[in-house]
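Some structures are shown below for you to check.
The following pair of complexes shares a single chain, subunit A, combined with subunit B in the former and subunit C in the latter.
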Partner chain A sequence: MGFKLFLSGIVFLFLSTVIQDQALAGKPTDSIRKTTDKIIGIVSDPDLKETDKRKEKDLLIRKAVDEIFDWREMSRRTLARHWRKRTEQEIKEFIDLFGKLLERTYLDKVEGYSGEEVLYKGEAVDGDYGVVKIMIITKKETEISVFYRMKKKGDDWFVYDISVGGVSLINNYRTQFNSIIVRSSFKKLMKKLKAKVEE
Partner chain B sequence: MGNFSRILIIAVCCMTMFAVPCSSAEKSSPSGYHQEGEDFLIPDVALYEMMVEEYSQETTSIRISQSIVGPGKTLEPHDPDMMEPDSGPFLNEIEEMDLIADPFEIVNRFFFHFNDKLYFWFLKPIGTGYGKVVPEPLRVSVRNFFSNLAMPIRAVNCILQGKFKGFGIEITRFVVNSTVGVAGFGDPAKQVYNLDPQDEDLGQTLGSYGLGPAFYITWPVLGPSSLRDTIGMAGDTFLNPLTYGIENIGYNFAVRGYDQVNRTSLKIGDYESLKKSALDPYVSLRDAYHQYRKSKIKK
Partner chain C sequence: MRKFDLELGVGLFMIVGIICLGYLTIKLGKMEVLGDKGYEVQAVFSNSGGLKTGSSVMIAGVEVGRVKHIVLDDYEARVVINLPIGLKIQEDAIASVKTKGLIGEKYIEITPGGSEKIIVPGGKIRETQSAIDIEQLISNYVFGKL
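What follows is the complex of A and B.
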């Protein structure tokens, strides 16, 4: 009897968290969920598993990611104070290269996907800014918390930063890029970026 | 039994030692900013004030580190522009210019390369070979066993930070996992009772008292750390039963080494992907370490 009560208590707790989760989910979470599901679909598609389909698969993922990543905003935040000193041409080149590097980093992570669990832990919105928190549980029983930081543009939300386990990707690149620009020059940074992307 | 009482005595000593700064730190901490949960949602004005405050702190700390470095070496300058006050109401924004001081960069870079080679030439091949022989679920169990054993570190640091609920969770986890979980190889406390391990250590405790990382250190073999976290690490070894359980130094090192290899076998690929995505892997790792520790302390 006591055990039954205990079990029903657990079921109730579980249900209430599920319901709460859904009630909390807003637009930012929706768009992250949509893209995540799309990417998981692409990665686990048996038709795209063969090695000769690799290019096609990458292209599909890229398209899905492009829809919600704000490359310009990411670039602006990464260059920070160095952004204003750049010409429009330099900015264009930078966004192109940096976007490619981010994409590759992202593809690398996503391609290793093998049925990891993705949990949506809620979101917080303040005006035009929002955070979507998700938790990835790997096969090795490690939990990775991922925060998508998003900004509203019109009616849609776009990602401008991803934090993995408390480490912001944009902050990390900002520190690296700043160190390179300060020690040598923006030109050197572009050279290094180009080499990295072509690697 | 003798070992256990020694641990207990040390725990009590530590607690009394830290009791005074703990309570005073609680009083002096600014209210509101780091409340649990929604700490990244703070109003614009408060944020801006914090930015200004942080900036002035940052510049003083840089000045201090410059005096350590000496005049010949250039440090990355800080610019208030970098904070971009218009860029959004999230705490993340102000942390974007927070760098860890690195006065010993030359030495650190040397050991970074040393550790890099150590990983690729020894740890990785050993970890990969071991991983081929021992199936993954078993390696996860071994990791659980060692982490269960290190319970006193987490439990005592929960207390030192005034996290009594966390302390209770750690004790419960230990009891459940040591019995139902068969000496800690399983983790039923998490899987059945949803009790997450409280990842606390002395470095975080010192950080929660308001002590900054001081400067970055790359230790050979042990990897990235800071002055604060090194002190913490040294203190934590007194709380680790492994220190007392195996008195023969050779065996002790062998067991620790095994723990390390086992952990490595479960983490192969992490360092490679950091290296692959970075333009300057040293700076990337330094920043990742700094951000990671800061987020841990905030929790």
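What follows is the complex of A and C.
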């Protein structure tokens, strides 16, 4: 009898840790994990390794990223105080170009993936905002900390900023774009973005 | 009578001297006596990089406020800054710890956002960027090369 109780005790303890583990990794982490796993699946898919499949691969990655990135929010935060002065048409064009610019930067990084380890370091949720902290460990044992800043929209969480090694993507582009707009104009910024994307 | 005048003169001179000294102390020490004008907002940094009470807060390189105090909260630095009342900070503004020059003193730079929501007095700047650890960068570079 005593042994049975002991056994059920262990089972209960085990179960409760499992449940606790799931409760600790909340929704923001879940969605990041889902997308990350999906992308890793795409880049390590041997069927998509050939060079002629590159377009298809890029498209699949873009689709996976689109599910979790809030491009409008990112663009709004990047343009900051210049956002309100833009017409709906300009906004549309900007979101498209900015998305492409990030896609280029992001895809280049992702395509170089060669079995780096991704560790989930926890999350912090404060109302409708959350931060998911992950650590990427490269083959050379270098640790790169990446923070995904997310915002809740309805029931889902969307990324609006990424910090790599403590440097915020939005802050970086916000400063750059602001200085271009202040020095010349929004048109000039669009021209530069177009040139960069088409490079 | 003459002696009294002299003593009065010395006394007055001393008082004026002490007032001047007090004024200089407050001015040079950047202390605030008659309560703070302005309002406070908070920002949490994972690394304040040696920011001090009294460090500048800048927007576009213009000093707009000062760090009022810094406390350690859950192993993160909670920085309270004082800003003038007329200055509106948008909810999506980013506060980052920066260095004047390569090894100069630390200050907080706020890059204004575009949100229509304004941070209320006592509120929090959610988006922060901690001090970049140059040593860490160098060591990453060095050991990354191995």
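Couple of notes before you dig in:
Throughout what follows, the second predicted complex is superposed on the first by the 176 of 199 C-alpha atoms of A that agree within 3 Å, B and C clash if a C-alpha of one lies under 4 Å from a C-alpha of the other, contacts with A are read in each partner's own complex, and residues count from 1 in each chain.
Operating definition for what follows: a residue touches a chain if its C-beta (ideal position, glycine included) is under 8 Å from a C-beta of that chain, and two chains touch if they have at least 3 such contacts.
Because the structure is a prediction, the values reported are computed rather than measured.
In the superposed model, A:L193 makes contact with subunit B only, not with subunit C.
In the superposition on chain A, A:K55 contacts neither subunit B nor subunit C. Looking at the shared chain after the overlay, A:F177 reaches subunit B, while subunit C stays out of its contact range. In the superposed model, A:D108 lies in contact with subunit B only, and not with subunit C.
Residues common to the contacts of subunit A with subunit B and with subunit C across the two structures: 77, 80-81, 84, 126, 129, 140-142, 149, 161, 163, 165-168, 170-171, 174-175, 178. Against subunit A, the residues of subunit C that register as touching in their complex are 46-47, 90, 92, 94, 96, 111-115, 126-127, 129-130, 132-133, 137, 140, 143-144, 146.
Residues of subunit A that touch subunit B in their complex: 77, 80-81, 84, 101, 104-105, 108-109, 112, 124, 126-129, 131, 139-142, 149, 151, 161, 163, 165-168, 170-180, 182-183, 189, 192-193, 196, 199.
For subunit A in complex with subunit C, the touching residues are 76-77, 79-84, 126, 129, 138, 140-142, 149, 161, 163, 165-168, 170-171, 174-175, 178. Remark: subunit B residues 38, 40-41, 74, 76-77, 79, 81-82, 84, 87-90, 92, 95-97, 99, 136, 140, 187, 266, 269, 273, 276-280, 283-284, 286-288, 291-292, 294-296 touch subunit A in the complex.
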